[in-house]
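These are the structures in question, set out in turn.
Paired with chain B in one complex and with chain C in the other, chain A is shared by the two complexes that follow.
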Partner chain A sequence: MTGPATIFDRPNRYIGQPTPRADAARLLAGRGRFVDDIQLPRMVHAAFHRSPHAHARIVSVDVTAARAASGVLGVWTGAEMAALVTPYVGVLTHMAGLRSAPQHPLAVDVARWQGEPLVMIVARSRAEAEDAAELVEVDYEELPPACDATTALAKDAAVIHADFGSNLAWERKVDVGDIDAAFAQPGVQIVEREFRFGRHTGVTLESRGTVCEFDPSEGCLTMHYSGQAPHMMQVILSRLMSLPEENVRVISNDVGGSFGIKIHTYGDELAAAVAARALGRPVKFVADRMESFLTDIHARDHVVKARMGVTASGTIVGIDMHDLTGIGPFSMYPRTSAIECNQVLNLTGAPYTMQHYRAHGQVVFQNKNLMCQYRAVGHPIAMAVADGLLEDAARVIGMDPVELRRRNLMADDSYPRSSTAGMKLDDLSHQAALKKLCEIMDYDGLRAEQARLREQGIFRGIGFVSMVEVTNPSPMFYGIGGAPIASQDGATVRLDAGGALHVSSSITEQGQGTNGILAQIAAGVFGVDIDRVKVTTGDTGTVPYGGGTWASRGAGIGGEAMLLAAQALKEQVLDVAAVMLQSEPGLLDIRGGAVVDAATGAERMGLADLARTVYYRGNELPSDLKPELIATRHYRVTDFPFVFTNGAMAAHVEVDPETGFVKVLHFWAVEDCGRVINPMLVDEQVRGGVVQGIGGALYEECLYSDDGQLLNATMADYMVPMAAEMPEITVAHIETPTKTSFLGAKGAGEAGTGGAPAAILNAVNDALQPMGATIWQMPMTPERILKVLGKV
Partner chain B sequence: MKAADFDYLRPSSLAEALTCLSQNVGVAQPLAGGQSLMPMMNFRVATPEVLIDLADIPDLRGVTELDGMLRIGAMTTYRDLTRITDRVPLLGLALPHIAHDAIRNRGTIGGSVALADPAAEMPALLLALGGVIELAGPDGQREVAADDFFQGYYATDRAEDELIVAIRLAVAKPGDSFGFYELTQRHGDYALAGVAIAHAPDLRIAFFGISDRPIRLPELEAALTAGTDPGPALDQIEFEGDLKASAATRRHYARVVLDRALAGMTS
Partner chain C sequence: MKTKDISVIVNGEEVRASVPVRRNLVDFLRTDAGLTGSHVGCEHGVCGACTVEVNGATVRGCLMLAVQADGATVTTVEGFAASGRSAALAAAFTRRNALQCGFCTPGMLASALGYIDRGGTADRAAIREHISGNYCRCTGYQSIVEAICDVIEERTAP
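Coming up: the complex of A and B.
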């Protein structure tokens, strides 16, 4: 029998090949099926009146004129909606002490951020719904807002949830070793910085959206949903709308990007489902770009004060830090908004062997849009703090930053082990990754060029990051805390009568090529050509039960389930073939769509012949042979809370000291995501992630006024990184497969976003060094750079 | 968001368009390339009750040359302007900085001048070249020098019942030279600061993106012609700040773009 260990060097392997994804041609041809493409008979459209204030008591709501407006079919106030939906609270039991207040789809008594939905209008067209929304009259009594996270805990700050007595949502302390004693040792030098990380957001190409339909005859709700976790959404709708879980079907067809934006519970989407049930008509809600900026979860919003101690010979003794995270007025349901800060505490300094670590995280409420899990949760903060301090320390002790890293990165043969903060680590390759990085970027050559150009008044900088990424989470991530979020995934593989495979999986596709790698795994492991594999994902009505695609878990967990299912089906088919061919299963193999002689490769029987015999002419088979041409397997990560990956990245930038502009000249990433299933897809994941990281480092920020008005809620004012400014991004790999699965794949989706900001920060500071300036605030806008240069 | 309800008119002559406009003064807006007006309508920042589409009016189209002057129809798109950059080299320097291909295919010179966005390139270019704006209204035609046309944020000398018909620019002569520089963090964005310079043969310098309108300062031109420090003249400008750059940063940038444009003058 062909064992799992040999699946990677089979003659018809696809795993490891840059196979084009099957759906690329369809999407390019404009045949994608996104939520807004869905047109159902009798479908109607939702729009919302949203709070214009960051904090206001809702004195009265008058919807008389809106109800009477042309084309309007239904209007719901916050109170009316609250009567139809169970309130929800974004806490998890394993985040001890985390508190948040009950939320309703539409604000009831108090509006707590600008953009919070208050009244829903459903009309024949979106334009008519918007016309009616303008007729909603709300009498607001403005309340003092608490917007700035740094003053949210002050004595005189407005308290957003009076019952709590303060705006503190959660805090956590980590204390390993004895940082005070370590820092007091003779010869230990301390670098200390305050880092600021602005808020930004996901800006998905396809905005959030849903079409909900309710069939009263069966009591069934179907939600067409632009989202990443259909089964989670199924449970949430069932709980909050008091529907039997099996009567809720969530379908996520093509999804145009998500980045963590689309794994949360949004009031406007819930309200669309409620309206569909109430009206008995399909209701479409697609957020426009303004609504996206105002309500899609924001990310980051940290102020970190941190110190690092280092000896003259380059030993990092430890990090002492305080992280303040602003999360908006609620903790997001059901994943909570404390995870971001928790990750910062877990991950800061995780690549290094330092002995001492003290961290205090505080998560505060504020009257801004909700902040929650976005691509590379907490990672860019943790990496920028540790590696920013590291390169700062390198400057202080006069050591090359690569050399300082080399002396402190964990040895590649030292695993399994724990990080200073207590994370279980295995199969990492920090030293090898850094070495490879320096080779591919020609580090020595770049340094020489840098010195030469500085004499000509050209200020270039080189910056690095050594990073870890949390991937393939186990039940320890959410399930343990009571969240209805599956950590395991399932895959089904079925042989049809024509000899093709139909596979389905509980992970989802939102543009990264999930369906493509599922087909590669199934085709390669089972033994058919890839164009004979049809993939179904994203439908709770048809796919196995599982978590979806987020936290860089799709390939590692869903991919392994597919591998196991394909392997199981192969064994079942060979059992049947052995009987039909009067052979032994162990002497046979499946290659190129046929059962072959394992030793010689000679074809014995086409899969279509086998399947047709089983399906149509079962009379030819022995009666005690009960063929099952379908197999399902599930997989979850055991033994580890997460499967960590690592990488080393570098940025080469040029700073124009007259304008403060930063040009990223080149970016290099060496990633160890374990087994690379499709190098083309992995490279593009890394590149896309790097671009988002560059966005966070240089461009993107949700700018609020002091009284909580989002000032740049348009694509003209909110700066996403664009192709013209992006550098060449060179990607290379170290492959250290994880031992937690046969497939050996770890995640790769978030590494670029997690690492790039730190590398860019370090590169900019390297460029600024000869001018005696440093910057510790992201995004590093031209004006902020001019300020640290003393030019304005 | 979706635009509020509006009526759509599509006149086929200038006279008809002017009639449409004067019958709906205060509630109508002309529609040219729509690259600014449509987004404003979709945000419901602009809520015209009547939209008068200028697409079918022959009098607003085409470029003609007479006595060293080009007469450019208001509906000439940025893309079509690329055909006359040999006649007006400053256009060639400025056009690549205006938005992106898709927008340049539709956006018009008349629309840009009528809109008078203080960060837009075309108004400053008209100032630098001493351009003239031809207007038509119920009482006939008139023309206004660019120097007198731009009056503040999105404010011009155009009356509500007038249309911009054409723009007149001088054809470059041998020996003329031109400079252009603008700062944007991303290619195609509105300028954080920019300047257009014509030395033809007088020196004319027009900034954009730094104040409430395109700015031309005779004192600055005099200082540079005389070879003295332009700094004091720059200090006269009322710099405006926004989300992307404070007034102080714009003051700094004005000098940077000026120096860089002067350093890169065409020969």
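Coming up: the complex of A and C.
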């Protein structure tokens, strides 16, 4: 793509600089604006009676005592709520065959997971609402649950949606080349493993929540929303509550972590909006931590049986795999719960030049909380399967795992090309990333140390992953399938009378630094000091229409829109300046808040002078000059379904064979996310992502009993990574800008989470190798390590 | 609903309120005192988002009842900011990008101040140990450790 040539080498550029975020000051002073901080006049509070059973018929619901309880203003049963909300079904037309049953905000006839909301109470205070919720009497008839994904398709399994005849939600098969013939070739050795990936969840430190207000005089609903996609929520509320879209306003201020958790349709939040309309007063619902564990979408839950064939000289001939994913009793609306499995099939082995690939994915219903898109959707599974098998194969053929990668990774000069599964790839740098990784980690030195320590009975391991990440999705991701999710984003840049910029964008901020990079791009491209840029995001009432921040798309898509808008405004301002200065636009530039002579840099006119003339004294301008001093541009990816990034990561661990504990000693990540807008923010995205990946690999798991009871729904029992057990993480970059945009930025938010589990798995297995053991189940808890060591 | 009249010095100002006896300190600070900087993350003393200072001690705001704070002196993140006590930490957190969503940050600052003010050294392992009662889901902790080290090193520099 071509574009203005001076953006990246301007004297006052910000793109590429580690500029601190302006938002930080407010958050550090305790002046955040999170949903639960909102206090509105006459605001009331919602609490829920939730199913204690994984699967039960609701025989009767008695809310008499709850209605009469102190402070209670409204009670809604599932049937009462269903009459007010259009049911919703989590399917997309491009996911052929995907099925799910209609969902209601509150369960009506059958409860299908422990924690599913049944009755909503609204009272003057949350405490009174909870008191009343305890007075709800429900007569349940317990039904046999189908909890275990591996038996959900068995003939004798309880069928969760009787009309479907089975618990199969979706399946897909990929078959490229001839895997059976390839594996049967002489000299091809096969490694085969069964991988298990436990369920975990986002544990956003700020739990899900909403404050909804309804103004009956105008028929307008305002939702204060802790989430990532305000325009998507606007459409959903409009559709499900039968409100005109323009009468719904969704506002996201500060969001206390999201990671994909807060981008779905949750019955309790919808119910709060309905209550606000019914009562005509603001209703707040903020999930407590137990509600978060029981109802925030869970992630992963895969059992993968996979084989890799490799020749003695180290050519990977192909992968054959079966992925089974349990998604709970419904496919989540509107993004669906089949995307995770689809990504696994699309991405497994994507860095490698193998010729043959066969994959069968099955997505099944079960009586557990819903599973859906969480940070690095499908990536940790795809990477752990391919690179886990690769390092297993390296052990079998006696080749160093780095060397085996070198022989099979796509060459950096071989793009554009397709992956074996058919993904369009361009601008990747697997070989360079792996080379740089080995340099920064001193691979040879670590191997020597490992050998030395093994003689002393210390078991250290080194593990790698070479990975791709799906970023900057085009309309082919959701829009094509009928989801009300924008794939393009917009940006507006306005020059105010004082010479400052006010910019707004449809991408959102959940801590990544969205507002910071928008300011960097606008300031640098247009030519003002960054202190003179104010940013608005997260309000459907004021920002351009767009998708929000998810799927590592904010910088790449929203950032490009901002670049284009800032450039457009600059051109407009220079046209005005040229008239006022009796010059030519091409001879002028904007630098440091002033119109300057492009050749010498000499100031010709301050931006405030120009803007004040336009706004206040238009009489001084020629009558045919009609400047607006505002520009909006939108951008979407058109040439590719997604823009892939790549990375190479390595983990160094020590396994204690007596206790089974794994200590992560260090982690390295080399990431190619194209042009880096702010290296400090990108590094922190990578580090935070790596830590979530380590969490999934070693600690985090939603543990269910056989009858579908979540056993560890507290922060004390569910292991979130803490500072003391986390390693130092070294981050380095290769920059291969994407040619799909002028900015050249790809996404960076999910790489760490997508790659780290594979690297940790490989490092643990490397450490276990001298003891003749391997492990293929995450999280790799001490108990599971001791089990594979034969000690428990 | 049983209530009790209490008086608490919050950030140097007396706050009088009649509170339900079951209300915890952080809810009192957020609701009755209108100071929403202290956050509620887990309500069972694990995540550290509600960490404040009570009579000079670092305390979980969700594990103490408001009535137990009757007569006490409480300092929240807003107080640390207003008095300048957190200024060096805030500058270091900004410089290092030691916060992303910012939800854990007020509690993290309170814990870090507790460490620094009691003479904690710039020992990365010791700092990691000290802040292990404060969950951060965004940063990966490294930048937080670096920011705390920076402040200690600035203070001890000759």
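Quick note on the criterion: the second predicted complex is superposed on the first by the 789 of 792 C-alpha atoms of A that agree within 3 Å, B and C clash if a C-alpha of one lies under 4 Å from a C-alpha of the other, contacts with A are read in each partner's own complex, and residues count from 1 in each chain.
To be clear about the criterion, a contact is a pair of C-beta atoms (placed from the backbone, for glycine too) under 8 Å apart; a residue touches a chain by one contact, two chains touch by 3 or more.
All values derive from a computational prediction rather than experimental measurement.
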First (chain B), second (chain C), both or neither touched by A:127: both
First (chain B), second (chain C), both or neither touched by A:469: neither
Which partner, chain B or chain C, touches more chain A residues: C
Which superposed partner A:792 touches (first chain B, second chain C, both, neither): first
Which superposed partner A:724 touches (first chain B, second chain C, both, neither): both
Touching partner for A:684 - first (chain B), second (chain C), both, neither: second
First (chain B), second (chain C), both or neither touched by A:116: neither
A:301 touches, of chain B and chain C: first, second, both or neither? neither
Which superposed partner A:255 touches (first chain B, second chain C, both, neither): second
Partner chain(s) touched by A:412 [first = chain B, second = chain C, both, neither]: neither
Intersection of chain A interface sets (partners chain B, chain C): 127, 288, 714, 716, 722, 724-725
Interfacial residue positions of chain A with respect to chain B in the complex: 125-127, 130-131, 134, 288, 290, 658-659, 661, 699, 703, 711-712, 714, 716-717, 719, 721-722, 724-725, 781-783, 786, 791-792
Touch list for chain A against partner chain C, complex: 20-21, 23-32, 34, 36-37, 39, 70, 127-128, 202-207, 254-259, 288-289, 510-513, 680-681, 684, 687-692, 714-716, 720, 722-726, 728-729, 752
Of all residues in chain C, those that touch chain A in their complex: 1, 20, 22-23, 30-31, 34-44, 46-47, 49, 76-78, 80-81, 86, 89-90, 93-97, 99-106, 109, 124-125, 127-129, 131-132, 134-145
Contact footprint of chain A on chain B as seen in their complex: 1-5, 39, 43-44, 183, 185-190, 192, 243-246, 248-249, 251-253, 256
